[in-house]
């Protein structure tokens, strides 16, 4: 586990080597889905200094125009494959560091110094990007499918009624397993004892539903003391409360969880409802490595530094436990001389629904019909 | 060369890619033999703290029950592939660190906390293990072939009439080459000058025989001063003695050497015979990496710390020379753009017999008949 | 980028996996050309201490005889593949460190200690080597084609009328790209701003011609102030001079550039012509790694330490810029999930001619005829 590096290199094996099967479930070998909005970077990471990052197997160079608009282009000059992020900016123009070839933010060549005439039909691929709150979303699939309406909702990250703490990890695992991990809350008491796991919770009633390609799970647990991560910031540690939580696989790029803690007997003048929105963002670098950003947002104690500190520390610890576990698992799966067909149990249902959705999208992109 | 790590990762390529040929000799590419007892660990390494080690391409988790019995199971939860060695023990029960799935020492599932009923037909593979003296033997092949009578004899390692010094290496080579190295004593004067190599010895008469799958070589060298490793502990340095030595490829897991130094004219009251049993244990982690343990045992000066110290230092030095040489060789063999068909000479006969035995066993396991 | 290590390991994939096509251009995947003289080492690197170095995918051991003649043999004993560079010398005889097998400089076996009779038909492959000035050339292709007349001319490196400064890099790129880089001077102002790049130069008239398998480019730039690397040593900084330069792809192993700076109005008693010969030597370790040596030679100020210092620093800086750029490019090319067909422009012509020459030689060695 490391924090996200600006330059990282890992290849994605070609999709053609993968055999899809009818009714299959995606796993760490499933080709990545391109026709989807992913987070390329935090807005705060992209500036007038060009950075590069491998996203879905392709190196992308990112910078901002003088007007502050984010730009993302393939990090490979179309002439001799020089990484454009090693070049420089002149105004809004990106200049290759090898032969000085110049590109505008749309990727069109503006000048090739060694030629008398600009080869204006030359270009580098530019990717659609949209900045929403703290996030820069990118579309790396077929350009004419890049519909901004498909960008999933994370408005609370920029809403002044909400306060967020956040962090990021660069991890050597697959995003399928990370999504499955988040759709499965029965691991809380074991992988995260103390902070977010209470034994009752693992057996609390689970409601699972699928809305199109979105998988939603709901849990309710009434009259039970909250785990630390909800008890400490609300001040309700030890008090029986009602806990409502919805977790949703929103897209291959995003998992969001909406939690509400209700104090059934609030002290006079105190509020009864406390909401937490948890945002998990996954952008595969390759089939076996992920850029992972998380946000823990709350609608109370917006200016409370102690709550910030507590929630940041507790969240970072819990998500690092996930990161470590999923890295160990992929290492086991990849290095084992003998394959294993994992057992599935009833609580795995939401994860399997998600894996079927991803399998079908990947198969469709590869041209398979069943 | 490193000392043996508790966690190590290296994959064994699938056996199917290997082409057997009639009358062939095993080499570094030959699939590993599964139906054989190997040493999984020293008894002293296995405790109430779970450890993991890759053996024959499979990760194995090991611990002891409350009663002290060693247990070895596949280090991969059958549910979501979490490495079980990262879990914990509750009495004799191994608890997965991801969802809390519980297994008894036989591998049977005792509880899955998120389920109302235990999936008692679920299990993790448990491997037969037998503790003999300082060694824990494991059988990773077909379970119904795990006959304890097949465990090769190393009784001197636990016999109070014998005293042993020992050491271990984790090495990046193949066990075939290590066996061949030990069956070929003509390298002593060159790779181990001084300690165990004397020039006469390389040309001393060699007797080779095969008993079933065991290859035995005998050498006698009379009236010749012993090399340091035999001369110093016996106090016979410089004196002409008779040296009898038998080296045997006992199994793919074990090479043992029985040496006897005879003083033809012992001083009054002194003994004339001094015996050394040398035990070399190889457990392939993969085709190109080995867990290697050695023991140097003697039947005299049992409580002599100086003899311990000398024999440990001299043995560790000599076996490290072997380790280095065989690591260099595998590196040469694997990286060379052009294959080489090694020349064979008369003294290579015992090694070739051994390589034929291993080739035939591997071919049989792969279902080949010639 | 690192300085050249004596021991380095990198395999060259088998040539058979490559598909040649009529009229094709060599790239980083093209099989290496064996029938060519390459530089194995500087003479100063080879002594009575045996060294090894991987050249064209094969490990080579090198030493000098008592008479000082350089010897190069395959670094792999024909008996059990022990790396011969780990052995030792006894006079002119190379002794394997494993079983003491002895070889004369021609590679013929002189003795195998464990055998009663020398297996004199046993041998290790010895490669023809020729020492020319500071360089030791080696022929690793078909022995009967090793014609010394084919060694390209670099006489100025040993001519007392010339003074050279030099350096070396071990780099992770391919020699095709390095040759292309040197045949393309339009990158000077961008990759090497200041030192050797002036904007006018990138657009100066270029003359390209092919003489057999040699590609030659000529440029002239009149009445223009020289870049630092020519201006500082000549003392002509800022003065309009004539600059003539010829760069030639002499062989897959060698690029040479001949530059002449002419002062059209020399001060009384001062010379008007200043010559620089730049020698770039590439020996592929594998398709993706190169041993690179460079020399910057001049025919004036032979004893001027300041000129030495300046030219060494400026050259090392510029060539390191090339090394970095080409390493970045190969990393991009190898890791990118999607292939790119690079655009070619008019100034790429000399590089493309060179790539066609190498493609044809590689195809011929692989037995292709078009």
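Letters A, B and C mark the chains as written, and numbering starts fresh at 1 in each.
One rule holds for everything that comes next: a contact is a pair of C-beta atoms (placed from the backbone, for glycine too) under 8 Å apart; a residue touches a chain by one contact, two chains touch by 3 or more.
Just so you know, these numbers come straight off a predicted model, no measurement behind them.
The two copies, chain B and chain C, are related by a rotation of 120°, based on C-alpha atoms and rounded to the nearest 5. Interface of chain A with chain B: the two copies contact each other largely through different residue positions, with under half of all numbers used appearing on both sides. Chain centres here are Cα averages; for chain A and chain B they lie 47 Å apart. In chain C, no residue touches two or more other chains. If you check the complex, the residues on chain A that touch chain C are 9-12, 14, 54, 56-59, 75-76, 78-83, 86, 95-100, 112-116, 119, 122. Residue ranges of chain C in contact with chain A, taken from their complex: 180, 184, 186-187, 189-191, 199, 202-203, 325, 328-329, 331-338, 340, 342-347.
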